[in-house]
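Following this message is one structure expressed as structure tokens.
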Amino acid sequence: MITLTHFLVVSACIFCIGLYAVLAKRNTIMILVGIELMINAAILNFVAFGKYDKVNYGGQVFAIFAIVLAAAAVAVGLAIILNVYRHFNTINPQNIHELKD
Amino acid sequence: MNVSIPNILDQIIASIPLFKPELALIIGFIVCIFLALFLEKRWRNSTFIGCLVTLGFSLYHLAGQLSITAVGFSGMWLVDSWSTLARLIIGLSTVIIAIFIQQRHGKNNGDVYSILIAATLGMHVLSSTSHWLMAFIGIEIVSIASYILVGYFSQNKAQSEAAMKYVLFGSVCAAVMLYGLSLVYGLTGSLDFQSVEHLQGLMDAPEAVITLALLFVFAGIGFKLSFVPFHVWSPDVYQGAPTAITAFLSTIPKVGAIILFARLYASWSSTAFYFSELSTWFITIVAIVTMLVGNLAALRQQDVKRMMAYSSIGHTGLLLMAVFAYQDSSSYLLFYIVAYVIMNLATFIFIDQIEQQTGSTSLLSYAGLGKKMPILFTAFTLVAISLIGIPPTVGFVAKLMVFTSTFSVFQSSGDTGALLLLIVGALTSVISLFFYFKIPLYAFLRSSDQPITAKKQISILLIIAYILTVLVILFGIFPNWVML
Amino acid sequence: MGVLSILIFLPLVATLLILVLPLSAKATFKYIALGFTFLQFGLSLYLYGNFDASLGGIHQLEAYQYVEQLAWIRMDLGAIGKLEIDYLVGVDGISLPLIVLSTLVMLMGVGASWNTEKSPKGYFALLMVLNTAVMGIFSALDFFLFYVFYEVMLLPLYFLIGIWGGERREYAAIKFFIYTLLGSVLMLLVIVGLYFSVINPTTGAHTFNMLHMMNPANYVDGSFFAYIANYHEVFGIPARLIGFIVLFFAFAIKVPIVPLHTWLPDAHVEAPTPVSIILAGILLKIGGYGIIRVCYSIFPDIAAATNWWLALIGVVSILYGALNALAQKDLKRMIAYSSVSHMGFVLLGIASLTAEGISGAMFQMISHGFLSAALFFLVGVLYDRVHDRYIYNFRGLASLTPKYTAYVAIAFFASLGLPGFSAFIGEAFVIIGAFNAESMATGVPRWMAIGGSLGILLSAVYLLWTLQRMFFGQVRLKGGLAWQEALTDLNTREQLILFPALALALLLGIMPSLIFGNLNASVLQLIDLINPYL
Amino acid sequence: MNTFLHISPVTASILVTLLPLFACLAQALIGKKSISGNIALVAIIASTGISLFGVFLPIWNETTTLQKWAWFTIGEYTLEVGILLNNLTALMQLLVCIISLPVHIYSRAYMKSDEGIHRYWMYLSLFCFAMLGLTVSLNLLQLYIFWELVGFASYLLIGFWFTKETAVQANKKAFLVNRIGDIGFLIGIALVYAHCGTLDLSVLFNQTGTQIAIDKNATWVTFAGLAFFLGAMAKSAQFPLHVWLPDAMEGPTSVSSLIHAATMVAAGIFLLCTVFPLFNDTVLLVVCIIGTLTALSAAIFALGQHDIKKILAFSTISQLGFMMVGVGIGAWDAAMFHLTTHAFFKCLLFLCAGAVIHEMTHLKAKAKLDIDPQDLRHLGGLRHFMPKTFICMVVASLSLAGFPFTSGYLSKDSIVITAYEWANHLRGVYVLIPILLTIVSLLTAFYIGRLIFKTFFGDFKYRSYIDEGIIFHEAPSLMLVPMFFLAAGSLFPLFGISLTDYHSAWIMLTLDAGTNYPILAQAHLFIPILLTGGAILSWFMGWRWYVKQKYPLSENNRFVHFAYKQGYLNEFNEHIFVRGTTGLSRILYTFDRYVVDGFTKFFSWLVRQLSVVAYWFDKHIVDGIVNLLAGTMYYIGHLVRHVQNGQLQTYLGFALTIVVLGLLYLIIK
Amino acid sequence: MIESLLFYAFAGLAILSALLLVHIRNIARALFLLFIVLFAMAGLYLFALADFIAITQILVYVGGVLILLIFAFMLSNKELLDDLQPSSKRFISLPNWQAIILALAFLSLMIYSYISWAQHMPKWISQAEAKGRMILPTDNNIKTLGFKFMTQYVLPFEVISVFLMMALIGAAHLSRKESNK
């Protein structure tokens, strides 16, 4: 029997892998990828819980919206990253630190 | 499912009047896109005009909603005095931002107004919903509009870097929040945070999951409000972004977010269960730390915009304090927001004007400018005074009201946290003096080596800024004029 | 609009006028300022002349005079209740003498700024704003209004010190500001607490009215600062005590007491002469006034319980300030420290809780007001001439500038408490009051009074030492002949400023009833207010 | 004169007091234009006249009059000022007038050529005003005010030559030491006020009606008494607060004569007499002991001085000690009597000394000598040049030494005899006090004899200059007239017809302190004889010694012979008595200079060091803490900035770490 | 049983490819691994009876986002293709031990709380189970969702359209920049 906890553990794993990517990868695109993983983990939770919400379909609806929003965010994010690349000739976030204290 | 379709449709149609201001915005949004596409090349300011007209319509409809309290769209849309007043503030300040952008980036930038309108719509959504779905969408609209705006005029490295940091940090926070929301949904089965099932679900849930869920949710809101520890992006972004956009970032998105947060906190802290305790605990700690960090970090800044970023972090702490001291009336919170918006807008216009003259936002470049631009710096100083919270300015009254409400919480509960909030709030006001007064310090007390010829020009922006300054004083002396 | 309001806002009109006039009208600014301050001075004298000395004031509104009450802010704050703030001004025997003093010192200040070269527009405008604030502080009876004026006062001073000051002016200005602000923000918290504890008996709403705060019957039982059923504690200290301490702290910074005094020497030394005059002449008095009007009147129970400590602080300030003054090599700094010492008497007198002590303290404040103003002006005269005020760089000035020396000697002797001058009356009655405290069982022991009287001796020591060192003996100047030529005697304008101050010192020394007459009823009222708690 | 009789004594008294004040103000207004001092002179003449006829005669032995006016009200207490005229005050006021008048006249000549003479007159008038006001004050606070004003005027006068470093040092010292006393006085006033609720002398010590009950055994009475005595000690230069008086001789001699001999220093005695009812036995004993100590020490110091004015200064201190003892033994009438007589002869002594110094200064200036004109060692044989001065001085000296036919004889005897009676009454070690007083009397005779001999006898060292034509003459008549006047006052007839019985002196008769010690009849007989005999002996010895030492060979045969015959005695005299005494004097004076005065200096040094320490503390600790606090704030601000290193992933890591820590805390908690 | 096996297979696939994805240095390969992860996730959605979500996931993510990502680095310089991490020869290189610790800390905390949660499921779920108010495999999800979108969720639906438009314009403007220069 696949319980909710199964879903939750999987999503937790994916979430943390995404988190690792965000924190550790030296490529901005990979950070975006990490974010996508985290969002996917969240979506997995939503649909898992949404199974029990037949009245409002809240989980599934939220999941769809989340996918859309994430996609748009990625589009804008990528556009900005390309912009950065044009100015810095690199997309390694470690090398982009003009603004600091 | 036993509700018939015509019934639902009737309800939706009945809800549409509540949505009029937003409808105006949506229509305006589309019109602006077309204007930017076709008319902008022939008539340069057409989109700008379109934007103003849109905002005007929206404000007009909002004014009509002033006394309405209603719920529409299956509980997704709340119209009450909070939301209406907040949306009015948002609308009015958006007008100023629009003028700001038009003055500063007049050329060939039609699309920016569409984005501005969309952002406004997002803020409207934030300030008038208690449904997580709407809230999340609102946050995302505002965030993404902000990302675009920061990167929109990117002509140099700093601006694009600011945009990148902003977008990445924001997306991570949004993802974390989304995950948190999924847990909250899992705990309650309801997405409306004011609903009974929602609270019921939170009451029953185990502490560990609640902690996880709540902290994750707060992360997303924290990003928008830039409270500690989610504030780190803001100094870099404020400094990197064009001043007009910084003015936008530091004011309007916070208004929407704080209203949302206030609703959330009001709902979540209303019980005696663990999650309420946690919320209170969280907001107290965060408010204290935010005030301290914002003000202390600002001490060492040499760039005005960066300094203002920390300053607005500090003010966020006070806003949180206002939220913490929530009682059944919202007036002091709204008052603080009004004061905050007026002060910040004025400040950034001044910063921009000086930047136009000297080409720098460094404090060092302000040396001796007081003599060359006496009126501007006098007004700037007055605003700085207001930011510190010294009478007879609006900043003082706002602070006083926050202290007042916090004190009433303290008196009735004897909560040490409230007392600490008060003390830290008071002390950080003193600390804030150090850095705010760097502005007049450099401008009036120091003298400069290089001669700067101040161009005598009266721009519409300056006039707006002066009007705002007058308002700062006027509302400081007659605060009831704010409370209509 | 009543006379008091006119008095308060007259300088504001001057400010506007100065701001509106173009820069080409530079020369008129000082005349405008002078004219308005003079008018104000006349007005305050008129008020003083028509004052009914039999009315006490303190906590009875009907006993206040020239009262104006307008509803100012009315705001509905939901559960917290209605915000009720009045524009409430009025004077009693405590505040009116200080108002007259302030107008006089302002007049001196304007006179002393006659030769201001550096942007006179801003200078006089700020001076006039300061003037308004000061008047407001002394006449406000609503705590909110009081606080507003209290803070407004800081800003012009910051700029006056910061822009027109000496070498380390930035440091001095910000230090001054920080100290005062630290006191006042904490005070704000107490104000808020009082607001919640007190209700207006007529409307039932919470109020900022100070007079309502002075009446125990207006306190809500169980509220934070309530008299009855008050279980509130802050870090283990009872709420009313902490309220008193915070308010006292705020005003004590202004007084200033040891060890909160270190802003004072810096501010004085760096400030331009007129600002020093105003600082010493008016601002220090705000501290003493605040303690009487706010700390003592609103917290009479705590005042009665803590006066031992207050008196101790007063004595320490007297002695410590005097010792520090003795060690100074900079004339201005010495006078600044002497202010600390002299204001210690004020605290001692107030803490004695006897009619003699409190009256003496009030008298000392007024006397110190124009005497210190005169002293700072005299230092300014010297500094104007040779841009030096290091005591060791001068000797035998009496031969060079006999008039100047005469004025200095009179001012010095007046401030060291020579009978016939006002300071004597003040100090003597503070001491007498402090001695009397034991008979009245107010809890101030005699040894403190003796300690205080040692301060009189020490003040003679440092003032005479300075006099001897700088003015007597053979002429020997650091700057040699150049200085000798630069050191011209007092001119008419300078004499015109100094003479009234010193004449007043003499007049009040001979006829103290000029002050006491209007003061007594209020002082007795204050003692009646505190007495039940002794 | 009749007109004076028609005005009330109170009005007259006010007039007496205020006239010098008007003179002072007028002089201040006129300034340099009037240097003759006529204004002051006229004022003091008028004052003297009014005081004698308008005040003294109607009051003396007649009635006590007082009048008061409300000055101001403080709290509920109304402070009343007024004039209190009784025997004591009327006498004192008259005395001040009578002494001031000759000094004024004398000053006209003495100060004639001084540059700042207009200031001099102003100060002098101010002093007279203060002193006269002091005498008739009704209220203790009023008394205190004049008391301090007197000190202030004396400050001005001592420092009259303000370019002279020693003078300004001296006036500072005088004022500060007096300030110590003032504080004592003030504390006394405060104590009286705190316990009696009034400061009105007529109410406090009402001779006629309801007197406020004062429990004399209360501790506060002792403290108040001691406090008042502290005030008197400083003003009347009692050991160890006498250090200011010798220094104060830096002022003009006329000033010294008026202030530091006759009037101001007497104010302390006057104060004690005024508040006498307040004193209990403890206080009186202290007064007695200090008085004796002062009298003895000052007399010893006087023995070894070379400065003519310093000798007189110590003599004054010593005599004031006598008066103190008088008060201490309860015979304040005797003290007042001695005060009065002392005023005359001591003033005269100073004026004579002034005349000598005046001439010596001329000589010094003309002959361009580098000498101290006040040094005894440069003087000698002046009786040939200044015979009138010489006569005056001798009269005054005899009076001081207590020779019969002089006023000093009466007053001094009165104190010494009463002291014996007192001691007899009490028994035990108290008898030491009269014995010491007797010794002091003998010493007094000796040192004043020394002064006279050294100044007027022998040969003048600088005769050669006079022979060369430099004029060295008698003092001008303007100076001589006052001197004669005072010399007349120093003789007994002014005070009583009886040559020997001080009880019959009119001052004693009227003031009558009512001491009721058993009368020692034999004391009345033996003491005067002892004193007179001793004085004659010491004069004789002194004369012999100083004359002989100076001119051992040129003396005429009779003396040589005499010396030969009584050689051993002389040797004994010389080595043990004279030399020993002067040696002891020198040693003790050194002690005084370096230990008592040194203590003063040390104390002032200590205060100064303390102030330096306090300032260091203020600058580095008090202010240091403030600056440290500000610095700490800045540093924390700096730490917060560490996060802000511009690296996006650091930001994220920072934020998320805090979230994890929060989670950990919350979950594990 | 097969259901469980399939679930574990999908879950394992997703997690393993995600791990590989973050470990691999070549960005092109990483993106392909992301493709696998997303597919696996879509598969997992199916187990939660969210067929429409799974389809959307594949359409939007795989069809949209992934292509966008690939285009993004293909548009830019070749340099982008390399992961810019400093290469390390060690098998388990720990260049970012902080990141690993952080991620593991999160993971452990989350798992810990989920396990504690597993003991008592939320009331609403048990109620839904009891009352049969849960989505069944037989339900027509697409129809219900469509219905919901047009009624209950009409407002977010409308708002998000504006949002998408704005994102479109914005992204277009941001990338158009190049031509402006």
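Note that the chains take the letters A, B, C, D and E in the order they are written out, and that residue 1 is the start of every chain.
Quick note on the criterion: contacts are C-beta pairs under 8 Å (C-beta built on N, C-alpha and C of every residue); 3 or more make two chains touch, one makes a residue touch a chain.
For reference, the UniProt names are A = NADH-quinone oxidoreductase subunit K; B = NADH-quinone oxidoreductase subunit N; C = NADH-quinone oxidoreductase subunit M; D = NADH-quinone oxidoreductase subunit L.
This one's a predicted model, so the numbers in the text were calculated from it and none came from an experiment.
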Contact-graph separation of chain C and chain D, given in steps at minimum: 1
Chain labels contacting chain B and also chain D: A, C, E
Chain nearest the overall Cα centroid: C
Most distant chain from chain D, judged by the mean position of its C-alpha atoms: E
Result of counting contacting C-beta pairs for A-B and B-E, higher pair: A-B
Taking each chain's C-alpha mean as its centre, the one farthest from chain C: E
Approximate Å spacing (C-alpha centroids) for the pair chain A, chain D: 98
Length of the line joining the C-alpha centres of chain A and chain E, rounded to whole Å: 6
Chain centre separation in whole Å, for chain C relative to chain B (CA means): 43
Distance from chain E to chain D - Cα centre to Cα centre, in angstrom: 104
In chain A, residues with contacts to at least two other chains: 4, 8, 15, 18-19, 22-24, 32, 43, 48-49, 52-53, 55-56, 59, 61, 65, 69, 72-73, 76, 79-81, 83, 86, 93, 96-101
Residues within chain B bordering two or more other chains: 133, 137, 140, 144, 147-148, 151, 154, 164-165, 168, 172, 176, 186, 189-190, 208, 211-212, 235-236, 297, 300, 434
Residues within chain E bordering two or more other chains: 98-99, 102, 106, 109-110, 112-114, 117, 124-125, 128, 152-153, 156, 160, 163, 167, 170-171, 174, 177
Each pair of chains that touches, named by its two labels: A-B, A-D, A-E, B-C, B-D, B-E, C-D, D-E
Touching residues (chain side chain B, partner chain E) in the complex: 5, 8-9, 12, 19, 26, 29, 33, 73-74, 76-77, 111, 114-115, 118-119, 121-122, 125, 133-134, 137-138, 140-141, 144-145, 147-148, 151-152, 154, 186-190, 197, 200-201, 204-206, 208-209, 211-212
Complex contact set, residues of chain B against chain D: 164-165, 168-169, 172-173, 176, 207-208, 211-212, 215-216, 219, 228-230, 232-233, 235-236, 278, 293, 296-300, 431, 434
Contact set on chain E toward chain B in their complex: 109-110, 112-114, 116-117, 119-120, 122-125, 128, 151-156, 158-160, 162-163, 165-167, 169-171, 173-174, 177
Chain C - residues contacting chain D, complex: 175, 178, 258-259, 261-262, 320, 323-328, 354-356, 359-360, 396, 398-399, 413, 418-420, 424, 428-429, 431-432, 434-436, 438-439, 449-450, 453-454, 456-458, 460-462, 464-465, 467-468, 471-474, 511-513, 516-517, 520, 523-524, 527
Chain A-touching residues of chain B, taken from the complex the two chains share: 1, 132-133, 136-137, 140, 143-144, 147-148, 151, 154, 156-158, 160-165, 167-168, 171-172, 174-176, 178-179, 181-183, 185-186, 189-191, 235-237, 239-240, 297, 300-301, 306
